[in-house]
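Letters are used for the chains, namely A, B and C, taken in the order the chains are written, and counting of residues starts over at 1 for each.
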Amino acid sequence: MIRALRIDRRPAKLALARLAGSFGPAGAVRLGPLELSSIDPPALPGTGWHRIRPLLSGICGSDLSLVEGRASTYFLDWVSFPFVPGHEVVGLDENGRRVVIEPVLGHAARDFPLPFPNAAPGDGDDYAHLVGGALEPGIQTGFCCSTGGGWSDELVAHESQIHQLPDELSDERAVLVEPLAGGIHAALSLVPAVARARSRGETPVVAVLGAGTMGLAAILGLRRYLPDVRIVVGARYPHQQTLARAFGADVVVADGELARAVRREVGCHVVGDYLSGGSHATIDAVGNSNSIASSLRFTRPRGTIALLGMPAAVDVDLTGLWHRETAVVGAYTYGTETMPDGTRRRTFHLAIETAVDTPVDKLLSATYRLEDYEDALSHASTAGRRGAVKIAFDLRSPDSRRTQEAS
Amino acid sequence: MPRPGFVLDVDRSTPPILFWRGENFSLEKLPAGRSRVIYAPEPLPAIEDVDGAIVHALLHPIDQDPLPALLFPGMKLTIAFDDVSLPLPKMRRPDIRQRIIEAVLDMAAEAGVDDVHIISALALHRRMTEAELRHAVGDRVYDAFAPRGHLYQHDAEDPEALTYLGTTPHGEDVEINKRAAESDLLVYVNINLVAMDGGWKSTATGLSSYKSLRHHHNPETMTHSRSFMDQHRSELHKSNWRMGKVLLDSGVKVFQIETTLNTDTFPSPFNFLSKREWEWSPRDRMTYLGTTKALNRTPHRLARNIFHSIEAPHQMTSVQAGEVEAVHRITTANVYEQQLVEVKGQTDILTMGIPYISPYNVHSILNPILVQVMALGYYFNMYRGAPLVREGGAIIMTHPCRPEFNPVHHPSYIDFFEQVLADTTDPHVMSQKWEKQYAEDEWYKHLYRTSYAYHGVHPFYMWYWGTHAMKHCSRVIVVGGDPKTVRRLGFVPASTMDDALEIASDVVGRAPTITHLHTPPLLVADVSV
Amino acid sequence: MARDDAPWKPSRLAALGRIGDLVENVTRPAMTRVVRRGFPYTAPTVPRGVEVPAEEERLGASYDTEWARRAPARFVRRGLVNGPIRWMVRSVASPSVYGTDRLSDPARRDDPPALIFAPNHHSHLDTALMATAVPEPWRSKLVVAAAADYFFDKRWKATLASLSLNAIPIDREVTGRKSSEMIKALVEDGWSLVIYPEGGRSPDGWGQDFKGGAAYLSSRTGAPVVPVFIDGTGSIFGKGAKRPRAGTTKVVFGRPLTAADGENTRRFSARIEAAVTALGDESLTDYWTARRRAARGESPRLTGPEYTGWRRQWALSERRALGTAGVRRRQKRRWPDLG
């Protein structure tokens, strides 16, 4: 038997969590569908699968929205209940190797033919591979009842998902590899927009709205892989602003000041609420109606907005988008990237590189035991206000934790 | 007979003293035995027959031919006038500028002059709205000239409308309004509210461009202007006077008309604001209590509108016309006669209450940068001789200092606050690092030319204004100000006057001398050390 | 048979007659009783051979208006002027008032001096207009010089005129010694005066030459003369009009004038006339144009062109078309009812 935090499909509980969530995160967690229980470890679904014992397991915004009942019903058909959340996992495999999980359950994991040779789990345009095959539906580990998830003592992972870690990479940095990969993916999705700006002889300006984990990861990705862009960041909280600066943002302002800061960078006019020009590309790492609406206002006509934060149902006036011919692209996850120089790299490899070179462990603000999940989740859900960025579960046994500290 | 200004030594029987706090005021008890309060002289009697005095001045100018002798048929006549920044608060209709312009126009009509343009000499200030123009020049002049396009505002960003006249011996560029430069006669209509206004500053600043202004509106000049209110010790004025010489040498003929006003600043029942506290009548006390209590409960946006609708009863005390420098000497003497107060010795702490208005926020918000300019630019510089506060002393001001800006009037101020002040509060550094970007920003230019916005570079000038004070004082404390905003200005926030005095004790010791500048009404301290 | 088919309709006169009958039915019984009682309930009859001496003339120029300047009458008048008269003026004439700023200097004085307002004159409306347009502090202490032969010929007219508009009787042609003494006393008492120097309303829509009244009174009393131009009242309710036709008007105040040293009444009067003429020009064009034309002596004259006949009328309509005041308020558009 293993300990696991599990979400069951109980509409009444979801609704209750949604209601309680409007008064504060703690109530939502307590009344919501998440429960700590003792369960059997997941069975190995086939060959090529390995048992992984998580060491650290991060809490992501998408997890929170599920727990608090705010997630879009879109996902109901892409996940299978009951599932154990947790897809930001650093763990040990059977052989005691430290690994991170690339959580997307791709063709290889589900026993489908690869769309092209050496495809990464996230590659492939036919999303049927997310629901069919040998596993129950689930877009990622942590949303699928067959694989288990990171918020437990054990899960199973396919070998296509497993990346061994270099020894110099600490657990605390490694747990951020997954979100880092997401940020790098979003940054690299702006390559065409940035190239267009360069071809006009302009300094590419990229605005980043929001500096939670994803925003900061995107800033790191931009700075590392698109070094010549001007990065303008709007961050609400002071610690976020400090981190954004530390991670190489050129201009960091309060979130409400971002439009003016972008205008100062590009020197355009303001017509009504909209800039006449604006940033060549924007990463919206917040993902709500307001953030999308303001991104539309300060992204230049024919510019690109990457939606990195997960939006639910939003209410946005799209007249500006239509008139300015803005491209809004989603930035869900990772796979294989085309680098500015044309070479192709796995996003996770880039993320591990980045984690080795930068002190991303600064983002890990607090860890909790699995038993203290209510505190952990409410801390994660008010992270910004409480001066935190990433909250994770620490599943290491007290002994191994001590060893880590000693080393 | 109005009483002259007065320095009160605070003792135990002295009532609490009035401090302005933006759109409100408060009474603060100053420590007895080591505090003094400087009260402005009472308003001088006004000229009874204003129109008669104006005509007399035009017919008997100083060091120049009478105006009618300078007018001839077929000539180009340009009348320039001071913009909305003067006087403060706006005066009751009819404005003095209207009376003078009408008198000039009457003479021009007599002389058969047809080609007359009337220009608002606003330099890099915002354009005036139609209502403000009508207030300044009157409906008759507005209706006669504006529809034909002959009443307009100086545009310092229109290359077609500027003429480059050359440089001064110090290498300062002189560029002024083309129409003014090419006219056969330029009549300048001025209101001299403080000793800084007028003289060559009217034309060389009011009708010039950024290219010209940057030579004297910069941290170096401002540091060496001690003070702006003392023309002979002001580098700002010396530069303007040099530019005036270039104007004269290139054949611009100026007929300067300068006026002074008395300091009758607040209409009844608010005239208690100018009174000495121990002379407040029961009615004054009731008005004070009622007003402050009501204002505390009034949304400050509404309070602001109420205050900005105040029209001051101030009246003209003198009018003189003729050659610029000769006229200005008399004007300055008249201003001093109204405003000068003799003060003996400097002080450790200078206290001041910042009111709701400055020359740059008529019908608008006194934003944090303007609070700075009021305190360190204007009030600190209200001296002749030596500054009121000793070197290394402290300034304590009262103002709510909210981070609020008028986006129409002060768009570049918002960026200045968010970008420049977040980076540096050092005037020298910002002039090197940031000024150019703001001066050349296309959007600011566009708003300055077509909307009602101050020029992009204007917040820098506001900051430079305080250069000397920033260097001179070791601490600036804002009582009752929004702490975050106050810190961004580089000042120290305090919640009460006692706290502020406590904070100041770090730099001025336990028993510092305190001097309170009881203004408005305006006064200039004549400080003898 | 329907009444509509009748070859004639009962005239209004007949209807009025019937009302009269009704009233008479009520009053007759009472009246007969009074008449039956006779004197002293009725007026005495005069014995034959006795001559009743003529009562002293108390109407016309010698009507005593003293009572109208006492507190009760002033109180009533304030109510009338600010109530019905203002309402009537606004609805009929929609006045826009200009140039009151030219009076701000004396207004600001602690003891504002009395002024003599000298407007041009086209209509009875002018007086009501002035009563509402003159700025304070003069409005509440304003008397109007009204033609003795027109406004003070009947007692009811005299009472009404002096109560509602504080009119005082004055001879049209020559300002008599008595009138001028009375006005001098009034001015010394702080009363301001409206006097029409033209002496009467314009007969044809063009102005008339100014008579010396205003200038004479000014030099006798020392009160400055304020030239006033009123535009538009002529076309609303000019001389000879049966009923007013609503329109817009303008009232333009000029700068107060005083007689220069050694200036005789005629010269001063001409200066007043020129000032009103220039104001007229200003109200139709603009200040600067008017000033230049005045300086060149080319202000269009209010008295109209020299020639007579239809061309004079023709020119008048042209002038009226120029001023906004001449444009009558737009009628509400009536669409035909198409069922």
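Convention: a residue touches a chain if its C-beta (ideal position, glycine included) is under 8 Å from a C-beta of that chain, and two chains touch if they have at least 3 such contacts.
Keep in mind the model is a prediction, meaning the values are calculated, not measured.
Ranked by the number of C-beta pairs in contact, the top chain pair here is B-C.
Distance from the centre of chain C peaks at A, each centre being the average of the chain's Cα atoms.
Centroids built from CA atoms put chain C at 86 Å from chain A. Our note on geometry: chain B versus chain C, Cα centroid distance of 49 Å, whole angstroms. For this pair, chain A with chain B, the centres built from the Cα atoms lie 55 Å apart.
On chain A, the positions that touch chain B within their shared complex are 253-254, 257, 260-261, 263-264, 267-270.
Those residues of chain C lying in contact with chain B across their complex are 98-99, 101-102, 104-105, 109, 255, 282, 286-289, 291-292, 294-296. The part of chain B that touches chain A in the complex is made up of residues 411, 414-415, 418-419, 422, 437, 441-443, 446. Listed in rising order, the residues of chain B touching chain C in the complex are 48-51, 92-94, 98, 102, 105-106, 109-112, 114, 116, 138-141, 143-145, 147.
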